[in-house]
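To keep things simple, chains are lettered A, B, C and D as they appear, and every chain counts its residues starting from 1.
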Amino acid sequence: EARTVCYVTAADAHAYATPANEALEARAEELGIEVITLSQNFDVQTGTQQLNTCIARNADGIILWPLDPQAYIPGLARAQQAEIPAILINSPMDEQANQFILSFTGPDVYEQGGMAADSLTDVLGGEGSVVVIAGQAGNGTTIGRVGGFVDRLAEIDSKIEVLDTVNADFDQQKALVVSRDLITRFGDGIDGVYANDDTMARGFIDAWKEARPGEPMPPIVGINGQRDAFESIKSGEMYSTIVQSPVEDGKLAIETMARILDGQEVGARLPIPLTVVTKANVDSVEPAF
Amino acid sequence: MSAVATALRMRGISKTFPGVKALSNVNLTVDFGRVHAIVGENGAGKSTLMKVLSGTYLPTTGTTDIAGVEVRMRKPADAQRLGIRMVHQELNLVPDLTVAENVYLGRMPRKWGLADKAKMVRDAAAILDELGAAIDPKARLGDLSISQQQLVEIAKAYAAGPRIIVLDEPTSSLSEHETAALFRILRKMKQEGIAIVYISHRLKEVLEIADDVTILRDGSMIDTRPADGITAAEMIRLMVGREVTNVFPKTPSEIGAPVLKVAGLGDGYNFRDVSFEVRAGEILGLTGLVGAGRTELARAVFGMARVTEGRVEIGGKPVAINSPAAAVRAGIAYVPEDRKDDGIVPSLSVRENISLPVLRKLSRFGRVSMSADRKLAESYTKDFSIVPPDPERRISLLSGGNQQKAVISKWLSTNPSVLILDEPTRGVDVGAKAEIHRIIGELVAGGMAVVMISSELSEVLGVCDRVVVMRDGHASAPVERAALSEARIMALATGEEAA
Amino acid sequence: MQQGTANERFRSGGPLFDLLSRGGLAIAILAVLIYGSLASPVFFTAGNFVNVLTSMAIVGIVVVGMTFVLVVGGLADLSVPATIACGAILSLALQPVIGPVPAFAAAIALAGFCGLMSGLLIGYVGINPIVATLGVGTIVLGIVQAAVGGVIVYGTNPDTAALVKSRLFGIPAIVLIFMAVAVVGHFALSRSYWGRWTIATGGNYAAAEASAVPVRAVKAGAFVITGLCAGLSGALLGLTLQSARPLVGTGYEFSAITAVVVGGVSIMGGFGSVPRAIAGLVFVQLLTNVMVLQGVRTPVQGFALGLLIAIAVALDVALRRRAGGAL
Amino acid sequence: MTVLVRLVRYRVAVILGLTLLIASLTVSGFPSVTTLGLGLDRSATIGIIAIGMTVLLIARQIDLSVGSTFALAGITAIMLQPVIGIWPAALAGVLAGAAAGAFNGLLSVVFRVNALVATLATMLIFRSVAHWLTDSQPVPGTDIMLSLALSTVHLEIFTLRSALFVGSILLLHFWLTRTVAGRNLFAVGSNADAAEASGIAPGRTVFLAFVFAGTLAGVAGVLQSLTTNTGSPVFGAELIVTVIAAVVVGGTRIEGGRGSALGTLGGVLTIAALTTAMEFQSVPAYIQQVVVGLILILLVVLDRTVRPGPRTHAAAGVPG
């Protein structure tokens, strides 16, 4: 009899989430696991309700992509009561959630923030004014990536100054809109850009080309390692990105769940590999997707 | 009632709207146990005065005493607490509640803190019965015809047991039969000592029911007189400031070939198997009691309501009319019964209202020619002496009679061969009425075929060449002018004489 | 009959209101311009105005359509996010199949068809516009997503993006398209018989119907116009971003309604014009621009915008009542 | 005809019944007490807000800001926890909802701003305040154990909030059909001028309706925040469409004057049942949207086109 896993994903139409979902489902099929995919469309409340569905459906396991560090805790607790094992994929939650989950698979987002800070320090020579285009407010990934960045700068006593941090929800179009505003406000004052993912970096690039056609772009650091980011690095529009493969992300989660269903022990924290890519190594690394 | 006491004394009432001084320095005194009529042309300020009395408007200046005590009413509820009840000219009911709930609106009886529905239904039924209205108290009000709603409105005011009751043109959509029933009630109220203010353009009714008459003209009070000893002609002279000789002038005209023929028309509910024809140069009257189905028939002929049987012919050829646009193409025009709801677009100017049905003809490549548009409006404002004679004025700022003239203008702009007028003079003052009759006379003299729906027998008798009487959705054979009499029409309308 | 004395009873009421309500907005725009110039050196520069115009263009095209909807008494078209998405997704998704230009046209046509669906329900069946456009929007968005497998669609033809981003005399193409749409929309509403029908239908539906105005078609038409406008906006947006996700149009309906309403167009119908709506849009955009330049935080911007809508409409209502007769 | 008319009158019940029947037949594991309990719990948030919305729609008003009010109330209830304690903070959250409703009422009654526009504006305003208060970050509450307690299922069916929802909607039914104030609400929504002329104060009625709707959005928001132990400025952003859909599917008209509490109950349950059933089958969200949208349109069209009794010109007109 096939085992059924309930997968509450962040969204179905998103540059990163779509390939992650596809990878997870494909691997599940190989493993002989049936997956019920429920998309929150980036709405936390929808997600908390979907946990209820997973429990009512009496799934054999739950994989949750949390968009908030706290809100899912009662749902996870209820799952535990119903003896349904749950793990987190991609984004972290607060420590209080740990007692209700068996594992968290996904990138070390805090570390990514630090890597981005290092990268920007390299290209700016340790000083200058930068803007940060962050993901969804309150999202664990956003908190980690911004926190890691700021903490690293403080750690190394950097002279890099953050002009402003704005949320663009991991969305290209929102990034375009906020970038227009940033460019209007700070103009030439922007020496560098840190975007919480490559999708939003693309938004800044578009806004810059629109407002200042022909003028040199400030160096941009992104995360994800998307194919278009690789192109931009080659053409000099972006400085660096951090490869974080959605395929690895999705695969690792379902494989971890499979092991749990088979009764094996799993690690509480299972990271996926990260690689910083700049012009120097762009030709030797494969884009993540 | 022993001694006559003063129910109401209004002194020096003025009311200014932006752009209009509706009332200036009006005095009005009404006694308990008497019917006090207020007459005046359209726009004279009658309704405005009553809205001041019922707390809808605050007067710009002036004072009101009720039973000898000066009062200040800021909202209708204040007036109601003082025992003043108003039957508005425009219907003021709640379509989504039942008839009974409407009758008791604002003062529903309670039982254990809850609305006592059973009592409401019982009491409403009794009052409607007394009014001679066969209306189910549990029916949804919005499903009733306009005239039935008018009766509910009257029942509502009466049921409140008022000290002063104001009726603003209560009979404008009532049949003579229902009017008679209403008058019986009014007399009973008089007996009970209630003060009654009665507004009507039907001077015959005024003479029949009123004890005193106040005449308003252009917002000013002209005179108050006892009804005994005043004649209709005298009232008219005071209202318009000059003599008006013939109220219903019948212009002779040559009657030609049939233009509109209706054969076996029915909508399966409101009217069935209706047949008649109208000839060029003829005014065909269409009369009957309330809810006889005339309006529905006219709307169907004009393509605004569906038919299930029968056909319509224009100039001998059958035409399919499924929209007002198709009716206009076929040469039919329709001046609707309900001016406020169906006649005017209040936010547009007189000009824009008049050219509405012919806009396409005034346009080239989709663009409206402004000069043609203006010319059209100017000619009608002049011909029909619309007051004020400014086509650019928003039509909602005109008085009822002038709005009606604009609506008729609108339809003449389409150059129709058949003009259907549904109660064209309802709520219109004598002066404007005579003028509308003159216009209709000129139109038929010019060869137009006119169907005139009217509930006012004297009007029907006065201007029509032939009359079709409707009863319960069925139409009588046309009665020739020579054979017309009030008694004959009533007999057909009530079913005493088989159609 | 009534002459001389009677005429003194009638003074003009309408024009006073008109002057105030139109002048009010002009003064407000002027005030923002002056404040902006004093407060920020960047504000009064060609570059900044081009930016403002660019960010105005996409929503501006929708504003033109939305004006028709409000004037015809159609309350609001809440399917705009869906029709924008329809335009964006299809203009990109169909590119490899039928070529960029046909894809562009097909995307707009399909958005127009979506408007037609709402229009038929509202005009012919008599469904409330809020419900009809919500329902149709949900359905259309779902179908479009299903058609592309529920994922983001990427552009395959960079030339089209270059075209949309190109400039003529320093003005972005997208802004020129917006201006063209606005001019056509203005003349259609104020000079054509269809426009007069639209105003009449919004002013009094029953009377317009009884005046042989094809009210159902006119009402439906306003939604078709908005569908086409939103489709055009969406297609341009898709080409600009070279990617389209289902939620690309989120929020545009509210921005468009905001502009129209701030422009003094009555949500009750029967009154309004495209220039008014655009003036409302200009005001909102300039104000936002000034706030951005001043570094006002996003939440505060939203707060100010909300307050602005409320104040603008409350003032408008007050003025209208003073000018006499509720419109 | 009469069968059809009857089917149309009870269309919500019919659709709900059909949904449950089809889901039970095709979705394995669907018909169970657990599903019912969790389905009820999921409908509670939408349902509690829908109660307020029903009252507002009957009064011919609308509130687009309920989603923002929902967030604001929740944030208030969480942020004040360390200051004044959990229960006073919860009360403060509900009061914040009432205040938001009062603000809407003020705009539409005193300043005469059309409700659609007024609440569009306050939707932005309240959302901005929520972001401003929290600096756009979700705020955790002080006691996660309370959240766990609040989401316990009692009698195998009811959670606190689903019981509250069902109880309140029955009360609303009674209030709307039996009390004078309830009938007056219909009068105000159907013809405010007539109601006013009869001594009912439409302004007061409408104002209170807004306060009521705001309060209920506040209650829902506070419950949501307590059960998730989070006050978030992004909560409730997607609520409004579902709430309006549920109320309208339940037969309440946006044009005012008509509506019922039991209808809303039916509408809320129908949407919850549909969503749950489709989620059970892993139907993608966008297909779910299509189904809900189609049912919304179908029911409204039925309501429009099949009407009991004859057509009269008083009733047959297409509203403007």
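Here, a contact is a pair of C-beta atoms (placed from the backbone, for glycine too) under 8 Å apart; a residue touches a chain by one contact, two chains touch by 3 or more.
These numbers come from a predicted model, not from an experiment.
*Asks:* Could you see whether C-D or A-C has the larger number of C-beta contact pairs?
*Replies:* C-D is joined by more C-beta pairs in contact.
*Asks:* CA centre of chain C versus CA centre of chain D: separation in Å?
*Replies:* So the centre of chain C lies 29 Å away from the centre of chain D.
*Asks:* Suppose each chain is reduced to the average of its Cα coordinates; what separation in Å results between chain A and chain D?
*Replies:* Their C-alpha centroids are separated by 34 Å.
*Asks:* When the C-alpha atoms of chain A and chain B are each averaged to a single point, how far apart are the two points in Å?
*Replies:* 72
*Asks:* Residues of chain D touching 2+ other chains?
*Replies:* 131, 136, 284-286
*Asks:* Quick one: which residues in chain B touch 2 or more of the other chains?
*Replies:* As it turns out, chain B has no residue touching two or more other chains.
*Asks:* Could you pull out the residues of chain A that touch at least 2 other chains?
*Replies:* If we look for residues of chain A contacting two or more partner chains, we find 12, 41.
*Asks:* Okay, what are all the chain pairs that touch?
*Replies:* Those chain pairs satisfying the definition are A-C, A-D, B-C, B-D, C-D.
*Asks:* Which positions of chain A touch chain D when the two form their complex?
*Replies:* Per the touch definition, chain A meets chain D at residues 12, 35-39, 41, 43-46, 48-50, 52-53, 55-58, 68-75, 77-78, 94, 96, 136-138, 143, 167.
*Asks:* Could you list, by residue number, the parts of chain D that touch chain B in their complex?
*Replies:* Where chain D meets chain B, its residues are 178-180, 182-184, 186-187, 189-191, 193-201, 257-258, 309-316.
*Asks:* Which positions of chain C touch chain B when the two form their complex?
*Replies:* 1-3, 5-14, 16, 187-188, 191-194, 196-197, 199-200, 202-204, 206-214, 270-271, 322-325, 327
*Asks:* Where on chain C is chain D touching in the complex?
*Replies:* That would be residues 73, 75-76, 121, 123, 125-128, 130-132, 134-139, 141-143, 145-146, 150, 201-202, 204-206, 215-216, 246, 254, 257-258, 261, 267-269, 297-303, 305-310, 313-314, 317-318, 321 of chain C.
*Asks:* Mind listing the chain D positions that touch chain C in their complex?
*Replies:* It comes out as residues 62, 107, 111-114, 116-118, 120-125, 127-129, 131-132, 136, 241, 244-245, 248, 253-255, 284-290, 292-294, 296-297, 300-301, 304-305, 317-320.
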